[in-house]
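We just call them A, B, C, D, E and F in the order they show up, numbering each chain from 1.
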Amino acid sequence: MKVKTAVFRKEHFNAAHRLNNPNWSSERNKEVFGKCNNPNYHGHNYELVVKVVGYPDEETGYLMDMKILSDLIKEKILDRFDHMNLNLDTQEFKNLNPTAENIVKVIYDLLRTDIIADLDLKVTLYETERNYVEYPA
Amino acid sequence: MKVKTAVFRKEHFNAAHRLNNPNWSSERNKEVFGKCNNPNYHGHNYELVVKVVGYPDEETGYLMDMKILSDLIKEKILDRFDHMNLNLDTQEFKNLNPTAENIVKVIYDLLRTDIIADLDLKVTLYETERNYVEYPA
Amino acid sequence: MKVKTAVFRKEHFNAAHRLNNPNWSSERNKEVFGKCNNPNYHGHNYELVVKVVGYPDEETGYLMDMKILSDLIKEKILDRFDHMNLNLDTQEFKNLNPTAENIVKVIYDLLRTDIIADLDLKVTLYETERNYVEYPA
Amino acid sequence: MKVKTAVFRKEHFNAAHRLNNPNWSSERNKEVFGKCNNPNYHGHNYELVVKVVGYPDEETGYLMDMKILSDLIKEKILDRFDHMNLNLDTQEFKNLNPTAENIVKVIYDLLRTDIIADLDLKVTLYETERNYVEYPA
Amino acid sequence: MKVKTAVFRKEHFNAAHRLNNPNWSSERNKEVFGKCNNPNYHGHNYELVVKVVGYPDEETGYLMDMKILSDLIKEKILDRFDHMNLNLDTQEFKNLNPTAENIVKVIYDLLRTDIIADLDLKVTLYETERNYVEYPA
Amino acid sequence: MKVKTAVFRKEHFNAAHRLNNPNWSSERNKEVFGKCNNPNYHGHNYELVVKVVGYPDEETGYLMDMKILSDLIKEKILDRFDHMNLNLDTQEFKNLNPTAENIVKVIYDLLRTDIIADLDLKVTLYETERNYVEYPA
């Protein structure tokens, strides 16, 4: 019986954001999101771990070439989000609150289409060293 | 089909403990637990990671407010164990050997009752950077 | 001969910023500061290490109570900069480009007045894990 | 209902290797493996995490004595691979390309026979801080 | 002109301690040392960095063999303090408050006599990831 | 009075090496360098920290553009040593034992000529997380 292996690639990007629901009053936003609602934005060094699961190729011994995975993350995620204001500079968060939970799902969806369906995918996003999220759980 | 997300919060506490089974002779305790059986105690900087799994709320984009989770960990775990002698100062380890395996289960049980049943919970406890445990596995 | 000891306290804060010299054209700013000049800001998890040097007190064995140092950093630095936009929300960087070099000197000056002159002070600021600064060198 | 716990032990070793498929031309090897194909070898500080899953013993509170697990890893893995050239000095990689995916499976197989079948096993291997693998996934 | 090089070796030990000045009332001890004064002790994973400065030997390219330095730290420091209660189990802290400032100086003095006088020595001790000390500063 | 600031840039490379003095017998080499003398080489993930000290420019707020420093390290150090066998593939260690002490001095000398004399330079090289060196001390 064949058993699956996982490979992980870690990358990072820096971005500004604020948490805000545009359908709410500013009072309610302030109450729910606290200092994360600062209208002038704050920011993070996001650390990103992409996990790909499948069967390594017998000839190469690679499940997936880490250079290809790293280049894909750069093209699809870092070039889009690094040194950006997530709320103002990106299409993805124009109408979506950039909580870590929402960002990690957006990253997953952006990568999923470029990784063949035979391979499973999971994304972990560190907003700080002490707060992080994973999708799918 | 909805897919679950996980959020993680990392906290830490410092405590003293010794490993000892009161039903055994001190010879057997010393044999099994070695220098961890030192009757005068030793201690650790415990790093604690709490993972909560569920569906983020669509309005807030939060699975669980990290501030609420952090406050809960503080109230239920850190206020109880930080700067304590686990064997002498806590109810939980009066009659339970404070191995990492037992501590992580106690922490899980203390948190489980305060997190709604819809959310899954997992706890990881680092006794040192090189020794750690997870419950449930 | 008495020999000095150093104590270090590490804290962190998250902030947004952009690098920009208001006396320059936007072309020159873009050329010098690249993507760090993004007009919509980006952000960082700043890690801050404060080093205090002197002679420990013989009665307490403390050079400086870490709780007092931590509270001082919180009051003078974190409450001012955490979850802020350095360019827009702070007095200190209204007319000063918030490079890591300038931020670390501002932090030093803010702390220096509250630490007695007998104690030497040095501040290290991590903008990312791979870029950091120290003042004085 | 009994619930399983996991214990983790982290160890490390340093080794040289090159990626190469002896059935291929040197051109194809160079094309597929790039600088990892350097005929004179390069090397890594491998970080290894061994996860063992089962039910802790009620008398000891141990799932598995970390000292025994650490000694086992030393005997079966570190003594075999530490400060070695994986391609030249080991039986395991004489005819197997030492990619991280292949190394982690070899380590799993070496350990599996010495850990009782009631306990599940998983191995994570960090080739660098940013590239790592897990088996089984 | 010859220029000096530094070599560093990092080790760790786990210990219990409490902060207490036996010449003071328990009220004053509690007031000054807070929860660190817990009479039942608490503990830490101490990380220790030993820095040795001098001129590397031209024949070996070594300033000091790291294995010898590691063995010396083990013999003089870890065997003495690891898994010990600093207040109860050690001669050094019978009458000396085991603050990080005092521990780092004790470690320096214990190592100094075994390292030849031509080599400078500095010790850094991490009580937690966020609190650490250095001697001499 | 103007006060100097320091900026730090961290990079990494992977390389193979062996410790060996060609003027000695293989017995003496084995005795002095132990398993680091393995004739088939072993390897490391070297982490490199370059510290540059001087006065930040008042117009830019930069002591040195981190992008320029990073590019310089890439060109002078990483392109030369990354994924190389230090003993076989490099001019610098053809006749120089690649101990961490010798590598760090070679890196310093390679960088020194490209950084203007007004700026002080210091290099730290991590061979492992627990063994590292600094030049000049």
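Everything below uses one rule, namely that a contact is a pair of C-beta atoms (placed from the backbone, for glycine too) under 8 Å apart; a residue touches a chain by one contact, two chains touch by 3 or more.
Just so it is clear, the model here is predicted, and its values are computed rather than measured.
Shared contacts of chain D and chain F, meaning chains that touch the two of them, come down to nothing at all. Common neighbours of chain C and chain F under the contact rule above are E.
Compared with chain D, the chain whose C-alpha mean position is the greatest distance off is C.
Between the two copies, chain A and chain D, the C-alpha superposition involves a rotation of 120 degrees in steps of 5.
Of the two chain pairs examined here, A-C and E-F, it is A-C that is joined by more C-beta pairs in contact. At the interface between chain B and chain E, over half of the residue numbers involved are used by both copies, so each side presents largely the same positions.
In this assembly, B is the chain whose CA centroid lies farthest from the centroid of chain F. One simple way to say how far apart two chains are is to compare their mean CA positions; for chain A and chain B this gives 28 Å. Centre to centre, using the average C-alpha position, chain A and chain E are separated by 41 Å. For chain A, the set of residues touching two or more other chains reads 129. This structure has the following touching chain pairs: A-B, A-C, A-D, B-D, B-E, C-E, C-F, D-F, E-F. Only residues 3-11, 51, 53-54, 56, 59-63, 65-67, 120 of chain E touch chain F when the two sit together in their complex. Interface residues of chain F facing chain E in the complex, by the touch rule stated above, are 19, 21, 23, 32-34, 96-102, 104-105, 129-137. Put simply, chain B touches chain E in their complex at residues 12, 14-17, 35-36, 38, 40-45, 82-85, 88-89, 128-129.
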